[in-house]
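The following blocks contain the structures, represented as structure tokens.
First chain A sits with chain B, and in the next complex the same chain sits with chain C.
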Partner chain A sequence: MTATAQKTADERLVETSALRKLLGRPELGSVVGAVAVFAFFVVFADSFLRASSLATVLYAASTLGIMAVPVALLMIGGEFDLSAGVLVTSSALISSMFSYQMTANVWVGVGVSLLATLAIGVFNGVMLTRTQLPSFIITLGTFLMLTGMNLGFTKLISGTVSTKKISDMEGFAGAHDLFASTLTLGDVDFKVTILWWFGLVAVATWILLRTRAGNWIFACGGNKEAARAVGVPVTATKIGLYMGVGLGAWIAGQHLLFSFDTVQSGEGVGNELIYIIAAVIGGCLITGGYGSAVGSAVGALIFGMTSKGIVYAEWDPDWFKFFLGAMLLLATLLNHWVRKRAEASK
Partner chain B sequence: MARVRTGVRAVGAVLVMALGVSLAGCSSTGGKKAEDARKAAAAGGKSAVNTPRWTVAMVTHSGDGDTFWDIVQKGAEQAAVKDNIKFLYSHNDEAQQQAQLVDAAVDKKVDGLIVSLAKPDAMKAAVARAVKAGIPVITVNSGSAESKKFGALSHIGQDETVAGRAVGEELNKRGRKKALCILHEQGNVGHEQRCDGAKESFDGKMQNLYVDGTNMPDVQAAIEAKLQSDDSLDAVVTLGAPFADTAVKAKDSAGSKAEIDTFDLNEAVATGLKSGKLGFAVDQQPYLQGYQAVDLLWLYRYNADVLGGGRPVLTGPQVVTEKDADALLDYAERGTR
Partner chain C sequence: MSTAKTPAPDPGEPQPLVELDDVSKFYGNIRALEGVSLEVHAGEISCVLGDNGAGKSTLIKIISGLHRHDAGTLRIEGEDTSLSSPREALDRGIATVYQDLAVVPLMPVWRNFFLGSEPTRGKGPLKRLDVARMRETTRTELLRMGIDLRDVDQPIGTLSGGERQCVAIARAVYFGAKVLVLDEPTAALGVKQSGVVLKYVAAARDAGLGVVLITHNPHHAYLVGDRFVLLKRGAMTGSHLRADISLDELTRQMAGGNELEDLRHELERAPVPTHLGGHPAKPAQETENTGE
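Let's turn to the complex of A and B:
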């Protein structure tokens, strides 16, 4: 984002001002929103600004941010994934039950779970590209099937609606360190998911802005037919994006498993919308072709700040969903306005 | 444009009329006025002690708009007023979210913490963090087995298996042969224990049916379908008071003869018991759970008193039938039973 005030003759080399460039960024609206929400809670919640409180907020943001990143990429690519929420639960269930039933090293279960979530991603992608049906319908189907399978298989295999404890099994300690450990800086505890989250955002941003695959993603979401015509492998890109969601669900699911030891089979329903909300607050367009990974992270942060800020501010949690909805509307309106401004000034 | 204006005007006129009707058409019975009168008659809002103003946070696994937890909250609030305690309440039905809410309460450095352990493993680390921070913890409602292990002072609630057995025995007494147990929260271990307990002591056959408790029409349709497909079912046990009413509706439209019984109590259940639409209810006295938890934290802060001697303090099961209905109806109406 370095810009100089120099003017050159060639119009392709005309430097846009720093402000213009900033206005053109998809995450701008959300950053303004995040600063506003932060300032708001600093004023109204006296325990919000403590280091331990901020660590809790970051943790809350990271657990959904990990999923918001691939969901944002998918939305830039022009598709939805409604199965993302329950896929997280599936990932944890598969890992836990495989290890337990096979009495295998926990890492084997973790590996099997990765394969399974990627396979579900491939299934979504292939179904979508083969049938040409809207992703809304395809993934709604996967969402319902996974919800049923989560409960059905868990009951069938474990006999109850939650999985058995695996904390005494070989490999658990190592996997716990990787997915659910706590890092202490000073006297503040940070969860390792925050690192996973930042890592994913960095990788996704690099893919989007610095690689050919990134261009493909933008092209697919912008205009599929035009993209195909100029040689973008649309089918492979979309399948890859769904596999990305699978990967995110794998990380989030393993965190769920290794921090809580047992997994409830009925959870995760409804979270897919929260991931989409985070991506949209972060500047992704519902229609695709526009957005950023950093934006999704800011969206997740807004969500984390709001959900925990209400507790620190000692408000009635009954109003939480209202605030969320209002924030979503405001963020989208702000994005829309900023984008119009940016386009008009080009 | 002109048409839009007319539309706006028409809507305005309707609104004004509606307001007029609502002002003119006062009801002389029931409604908000009656409720306010009842509230004024209830226990006063003055603190009875002169201890410092401690802060107690309660974090439960309740979903949004749950009647049961509303009553728990009322009990807790009443005790908080009496004990000069600042009471904070938060809830989330997803384990991870609930754990994060506990973290938030610990960050706030509250003077006491009340937690429900419906999904104990998920809450372990968060509760341990509270204990490590020196915050006294009391568990309520679910988690009697884990409470002590996690370092809580006491557990206040009902042993779900014991309550389940009470239901099975009551069903035997009423000569039932084939019953249905309706689980409205998938993944809640306490609910599984209730149905298992009932199955254990019940001499007849009992089946479980999972429904989506956040979607009432779906609950009704599921029960209705089950009753239609099997007319030998002669009892339906719901695990929460609001579902009893739905089960009655399902039974009526399915034309079944099954008796509807329920765990927990509310105004509609009390009315149902009185009119004979419901057979019996097993109450765990939610008001008591909230009230006692706050009061015990006050006692611990004030006098280091601990109740229960390391064992759960039971608030149920209390089997209530038609003959108790009259008195309970009054209490249920004011929202404390």
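Let's turn to the complex of A and C:
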């Protein structure tokens, strides 16, 4: 009896499955958008289709995408992190100044920076879960404090608004290789951040879809009370997500440091919104519980294509923000519409 | 899978799975619950009846580990205890199905089914969800309860309210709960769906579980209940075995006797005012007559 019942269930499954599965993917809207943006710039910017241009687009997408991945995970888990942008700068500043002041091997600074960014993640997470205040408020506070500390400590220690050069210090070459090297394939130069980005997307996708932690992330964002009631460690999951943002900020920050050698202490303000935009364009539901890491990558790619495409089309780059805003609205509407359709088809 | 505790050899009253004795809970100076006693036995359904604000939710929170009680004793299988978290309650075999927060709507049915107790395979960084087993188990467990889903991958939010309750009940039974606490499982449902849910409640009872059924509907409670506890404004106003009480009496006590009479007077049809198109004399006359 069970067998027959299962058979009929399977038959019905086959009828609707393919289309519905496609429509049910969170990143569908963003993929459609990415194809449209790509086609647009292929038509309007002659040099856009060159391999070197595409490598540049990927590089722009990767520096953003490295942060968009943990920010997307956090959003799926139901929270924001407005401190993510300046945290990248903090990561670079801590690494640079620690090595320089202690005249230590730069790897020491790199390690200290990792501990510091993770600790800031823990701080955000613990404050959030202890106080039960909205993450918007908590991380807005962290954002302002970090912005002030970046400027204040840099001036206190270096005497100027930027850090000293550390390129002649021990270990710099190795760290540069890891975080900021260029790989040549054929005659095209690819930045190593692209690999970091792809790696993070792969790991995050694995975590989201194939581990218990992933199940918990979706549950925390989708219905926190239900998750807690069935025994999901909501507090630990949220703290872990903020530590993930810390990890992303560490990678992005070290790239910043080892590709430019010095760090401007005022950088990073405003980037937190761009990470959030990439995640939302990629299909993450702003209220949590829905989205994907791949989607955030597509969102970052749209960002990269738009920012560089405007340059290749030789338009005034001032128009970039306008395009980004229009893209955000269109993608969100498309995602909304697709999700409605997907649910109605059931 | 889920086996009831072996009945005590004592031929009299077997030991209850969960027993509340004179339990109270205060929020600041507000008395949420005072002096409530309740027994939950294997293979029986204990109903907790009360109106809004009677303290039903507080009672659930104490049994399911969301809140600690402030006075009285909570015994689980005869042992004095105080639950500190829902996880602890689950580990001791008490599963709670909440009316509105039973599931995560956007997650697929199979992920919801195993949420918080996901099976894994592999080791170290390759430790991963056993997805095939999770899907298959969800499908077969739901079939066993008579729910035939065409796709366990659909978001659980697309199921009907009754189906969602049933998934949550099937889940608790599968994970070996000894005590199932149901928070108003029929409150938001139509007549037919309520019937379906009550059928699964009875199925869980027949599987040997002790069931706590929280409801404000005496008709639903009387259909399946073995014991009835009535709450009113945080206090226990009655505790009955099924043999000792009739449905009419239960309904009367639940509705609060005199209060119902008062309500009837309040709801009596008033004459429609003339400026709204009412017919002045005659309907008023009739209403008065029926009122007397």
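To be clear about the criterion, the second predicted complex is superposed on the first by the 330 of 346 C-alpha atoms of A that agree within 3 Å, B and C clash if a C-alpha of one lies under 4 Å from a C-alpha of the other, contacts with A are read in each partner's own complex, and residues count from 1 in each chain.
The rule is simple: a contact is a pair of C-beta atoms (placed from the backbone, for glycine too) under 8 Å apart; a residue touches a chain by one contact, two chains touch by 3 or more.
Fair warning: this is a prediction, and the values are worked out from it, not measured in the lab.
Asker: With both complexes superposed on chain A, which partner does A:V311 reach: first (chain B), second (chain C), both or neither?
Answerer: A:V311 contacts chain B only, not chain C.
Asker: Check the residue A:A60 against both partner chains and state whether it touches chain B (first), chain C (second), both, or neither.
Answerer: It touches chain B, and chain C stays clear.
Asker: With the two complexes superposed on chain A, say which partner A:F260 touches: chain B (first), chain C (second), both, or neither.
Answerer: first
Asker: Does chain B (first) or chain C (second) touch A:G141, or do both, or does neither?
Answerer: neither
Asker: Considering only the touch criterion stated at the top, classify A:G174 as touching first (chain B), second (chain C), both, or neither.
Answerer: neither
Asker: May I ask you to decide whether A:G111 touches chain B, chain C, both, or neither, giving the answer as first, second, both or neither?
Answerer: Neither: A:G111 stays clear of chain B and chain C.
Asker: Touch check for A:V230: first (chain B), second (chain C), both, or neither?
Answerer: After superposition on chain A, A:V230 lies in contact with chain C alone.
Asker: Looking at chain A, which of its residues have contacts with both chain B and chain C?
Answerer: none
Asker: Chain A touches which residues of chain C in the complex?
Answerer: Residue positions touching the partner: 64, 66, 86-87, 90, 96, 98, 101-107, 111, 114-118, 120, 127-129, 131, 139-140, 143, 148-151, 153-155, 158.
Asker: Which residues of chain A touch chain C in the complex?
Answerer: Interface residues on the chain A side: 2, 5-6, 8-9, 12-13, 16-17, 21, 24, 206, 210-212, 214-216, 218-219, 222-223, 225-232, 285, 289-290, 343, 346.
Asker: What residues of chain B sit close enough to touch chain A in their complex?
Answerer: Going through chain B, the ones touching chain A are 64-65, 88-92, 94-97, 99-101, 103-109, 119, 121-122, 124-125, 129, 185-189, 192, 210.
Asker: Where on chain A does chain B make contact in their complex?
Answerer: The touching residues are 47, 50, 52-53, 56, 59-60, 63, 151, 160-162, 165, 189, 256, 259-262, 264-267, 271, 307-308, 310-312, 314, 316-318, 321.
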